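As structure tokens, here come the structures.
Each of the next two complexes has subunit A plus one more chain, namely subunit B in the first and subunit C in the second.
Up next, the complex of A and B:
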């Protein structure tokens, strides 16, 4: 237990106190009070998160909740554990939620203080999930996050698409939850503990057997459903399109990667496969992530609706992160952390820009917006900057992450991953830049029966709070300059090294003598000439892709799309029956994959 | 064949094939795990000892409200989130008239009268159920009982008032504003008890109140306090959910 471990519960308690306070009628009846309480709570959480991140650099901080530390090396209670990666993720999430609350204060949130309450609960749950050193506690906070997500989306009652999207998400996500809980239950029944570290110590390394492999497969599959890997992404894409812009930004920026973090944490600590690229979970992440990145990238380029484009873009970038974790090396984890750090603020910033467009024009269909860019030059400039950042133009965080990731992939001998990474990034970048081209040139967009999404049409307003512009500008610029800040690469590499140091984690949680510190990976070198050239090329390719897509696709009937793309779009029916059928198919493949290739089964 | 029935068939085909494949994995895995049990493990013994050490002969309460009180907080939060979420979804929108009386059925149809037997039985059960709710609240740390069950019983008592045909009476006992306060206070109270543990003993949710004598009504320290707070939280949250749904008219008035 290191110095500062006592701060860990505050990361959950403070947002909860904020939520409880907002619920008191005296507070939520006043106009400004919910904003003030929410911003104060989230900002305080961010500050404490930053302190914890710094303190955790000396070794994992462990807080035994209820003072129930291990007895004779056996875990009795629940530990909160913060290594720099978990604490950094907590800080990032809290900072983005603070930005969302500031945006609420400018825009006015729905439903009195209720949206504030649910968003504060979402933050508490996310932080609890990130810190939990216990499988069941992870599940509890994951479900709490789920409930707030459906409720916030369903509460957008003026949009006819919101309720069905929330219900579809609730149904598919609950199936994922059942898989996670059943898997955790089976692991608990077999190993006698839901504690991550103790499970890792108890899982016999040589033979899992079919039963344990099934339990592991169910937990990983359930978390993959929450992360939205193909074919579990359907409900996520609809939900991100239908929910408020602020929450669509949060979901894409931090909540999807959060479920991936869960898989990686379990893989490293409980399953001990963190450095084994041949482990079944690593291979599933690698293949699933690469497929997700490309499929969602193509879907993103096909969209005529700004929010839906960004929804698929989030799924695609999540796929890149998953593929990176599938490389199962500390270097790759460092690259993924850098990638998420660069992606999160840019994605929230782009969604807030979409909110500004909706506020000014009442539309997000590119056909309706075509040619109007001259009236909002700042939006066009920021959208273009965001699109170039998504494509991975230097010096954006996404560029640095991808450069580090391709280095790690080459080290691991998985050369095929590199072109996939770049292709996906260019597709999502081109998708955003295509909208910029339409905004500027006014080129027409052919009517597209597939592209119909129900929309809210608020009355367009001329008055516009200044925060609608400066907040997304700050976020996007932050995502672009993050790798330029001194020490970013070194800290990320050190954090990834500690994330992979399974022995240190287990020793800290179970009160054993700390082992010798494992050496972390070197800081990734992302400023090499060839990396810079490739990044530059990706940016140029995205611009050209955007131009070509706008010119060529804009004029053609949608029927002229290739048959595979048409079929792909045809699968996205928004029918919950289709979504659960594909979910079952994906679960069957993933669970069997783990069972068949799990250690001891062969 | 229409496009619709083609869709249904495709869906069923995908689901049937993959469901069968997934089911086989489940069966194979469960058969493999069948003999496993953790009941006799070292850890299980430790858990029971630790729970009893907190002066709670009900080991389940000891686990729920002390050893794993953080999980219980998360579960109470799920109810809190559900009631807040439902209020958000069903809130009155500007220009949307809300009736203050429940609608008397669809237009042109009368509501069948509640039978006197149901009314009498419901009324007769109200007080015993309420008393039982209080009893269960204060028995959680001694024998069977605890917060969540007690909250559900309290709601049942008020549901019986409703069933006896007294919608107004039920609303009188449980007005929305007070329920909001109760929810906020019980959730905030849980967190504050946790923070008290952090300040006094250095760990969140530590049992810092006097433990008392085993089997006494006032014993087990924070286990009783937390169980009591969860009873309030669960009761208020479920009641708010019930009230929100009752108030929702079958059809909205047209906005003026």
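Up next, the complex of A and C:
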């Protein structure tokens, strides 16, 4: 149990209360009060999340809602469980939502009055998903998140791409949800409980049999759809392109990794495959993640539109995180946690910078922006810093995460993963740095017949709230210095160790005697000379890649070499039928992979 | 015979889901897309209720006529289905609102004509 378990429901209740309060007539009618209420609610959630993270270091905190605790070791009610990883993720999400609310306050954005409500709801749902101790509750919060995401995007009426992107996302994501739901139902039918801990105890150790494997495959595939692994990434990339910069930042920074967290939690607690690199789920994550990282990295480098570039960059970095989780070891989980911690603030900061660019110049197409960098040197500097961070230049959090991930991959004997990780990072870094080069040099941008982003161009404004600069600056710098803070590496290592400690989780949820604490992994050593050299090399490669890509004008007649890339780009049609066809094919492959792999055959 | 009866809801559910998916892939009208999304949802509900059903079980309401020891259908999957019906209604309403606004803005309902994002 542990001290502080009573705080867990507050992490969902306070954002919900904040969402409701912004619409109270007395608050809603005034200009500033909704901003104040929203910021206060998100900041309070962040503070409580931090307290819970510290308290959970002694062991998982469990709160049974309505005091419906387990009876004779069998779960009856709905538990909220916080181990340091879940609580840390809650704190990160809440902190980023607080930053978004501060940005809304500076922008004076009211979004028809619903932006605050939906964003606060999104926070409540995300926190609920992270804390939920059973599959049913996870599903409910996942759907609540989904609906707020569609509504936020559909409500952005000033962007011509927003409505179609919201429809595509709602349809494909709903299919993902149906997969999760059907899988949960089948799993419940087989095991008699949706509780993660109890399901883990009821699941056979060896072969699952076809029925169970089908259920597991559906749950994992549904969550992979929500996480945006290739080929489920189409609607995500469009959505991040079309929605507001603040939300695109939030989605890329925390919402995509959130679904991965769900897969990892289920894999560790319910399926018991957390330390088994040969488990079907781990292999699916490894291969799917590596493919996603490279494909989305290439797509990112092709983009002339700053927001679409960052959208694909988010998907690519998610792929790196997924590949890391696919290594199925506490060391790898620690590395992924460090990676997400470094990526999240940088990505939100970069998207807020894109918002500033749009605000001042009315454009996000690099062709329109080329050579204008001298007028806003601070934007150029921050964009360059963010691009270098994405490429994994030391000491950024992405560097530390990738260095630790390389170490874990080598320990696991999966050497092929390492170059994939670095290639993806260099591609996304070069994509951002290419825009920086154009901004500074004014080199002409070749026309891009394969890409299109319909957009309205707002009138450029000279008025510039200070928060439009300092907020992204703080976020990007935070992502760069996070591994330098004392204790970061040891904390994530300990959190990952407890995340993988299945026995402790089960004992805490089912009120059993706590077992002896499993020893966590050692803190990753990311400051070795070879790691630093590789990181520096990645940074240099990204700069060179950015320069070359900016100088590249294309050939008058398309060459054979570019044909695969053109074919890849041709698949991104923003057509809901095409996306659903890809989703169905990908889901079929993934589900059958789980069924046909060793565990399903028995 | 019993095996067929047990498997029937699951088979119909799979049929509904696949038919809905085919509709979404093939249609040229967004209203149809929304309906097919509902169809996919309906397949999931049927699957859940099918999972919770056992031969000879009655509704999970305990009173004087039905003792606590009686064979009852699984109430949890029914709760799941009810929850998802609510989600389905919300998604359908949101999608239909989007479709209305897409028609107003672009004067088309064919997803192939909505050329807003590419590459």
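Just a few scattered comments:
Everything below uses one rule, namely that the second predicted complex is superposed on the first by the 588 of 602 C-alpha atoms of A that agree within 3 Å, B and C clash if a C-alpha of one lies under 4 Å from a C-alpha of the other, contacts with A are read in each partner's own complex, and residues count from 1 in each chain.
Keep in mind that, in the parts below, contacts are C-beta pairs under 8 Å (C-beta built on N, C-alpha and C of every residue); 3 or more make two chains touch, one makes a residue touch a chain.
Computed from a predicted model, the values in this text were never measured in an experiment.
Touch criterion met: A:161 reaches subunit C, while subunit B stays clear of it.
By the touch criterion defined above, A:337 lies against neither subunit B nor subunit C after alignment on the C-alpha atoms of chain A. Of the two partner chains placed around the shared chain by superposition, subunit B and subunit C are both touched by A:580.
In the superposed model, A:241 makes contact with subunit C only, not with subunit B. Judged by the touch definition given at the top, the superposed model places A:388 against neither subunit B nor subunit C.
Within the superposed three-chain model, A:177 lies in touch with subunit C and out of touch with subunit B [touch as defined at top]. By the document's definition of touching, of the two partners only subunit C reaches A:572; subunit B does not. Once the two complexes are laid over each other on the shared chain, residue contacts for A:298 go to neither subunit B nor subunit C.
Looking at the shared chain after the overlay, A:24 reaches subunit B, while subunit C stays out of its contact range.
Once the two structures are overlaid, the count of subunit A residues touched is higher for B than for its counterpart among subunit B and subunit C. On subunit A, the patch touched by subunit B and the patch touched by subunit C overlap at residues 136, 140, 143, 147, 150-151, 154, 157, 163, 186, 188-189, 573, 575, 577-578, 580-581, 584.
Across the complex, subunit A is touched by residues 7-8, 11-12, 14-15, 17-19, 21-22, 25-26, 28-33, 36-38, 41-44, 46-47, 50, 66-71, 74-75, 77-78, 80-82, 84-89, 91, 93, 177, 180-181, 183-185, 187-188, 191-192, 194-195, 197-198, 201-207 of subunit B.
Residues 13, 17, 21, 24-27, 30, 33, 37, 40-41, 43-44, 47-48, 51-52, 74, 76-77, 79-80, 83-84, 87, 90-91, 94-95, 97-99, 101-102, 105, 111-112, 114-119 of subunit C are the ones that touch subunit A when the two sit in their complex. Within the complex formed with subunit B, the residues of subunit A that make contact are 6, 8-10, 13, 16-17, 19-21, 23-25, 63-68, 71-72, 74-78, 110-112, 114-115, 117-118, 121, 124-125, 128, 136-137, 140-141, 143-144, 147-148, 150-152, 154-155, 157-158, 163, 186, 188-193, 209-215, 217, 573, 575, 577-578, 580-582, 584-585, 587-589, 591-592, 595. Residues of subunit A that touch subunit C in their complex: 136, 139-140, 143, 146-147, 150-151, 154, 157, 160-161, 163-167, 170-171, 174-175, 177-178, 181-182, 184-186, 188-189, 194, 238, 241-242, 302-303, 308, 448, 450-454, 569-570, 572-578, 580-581, 584.
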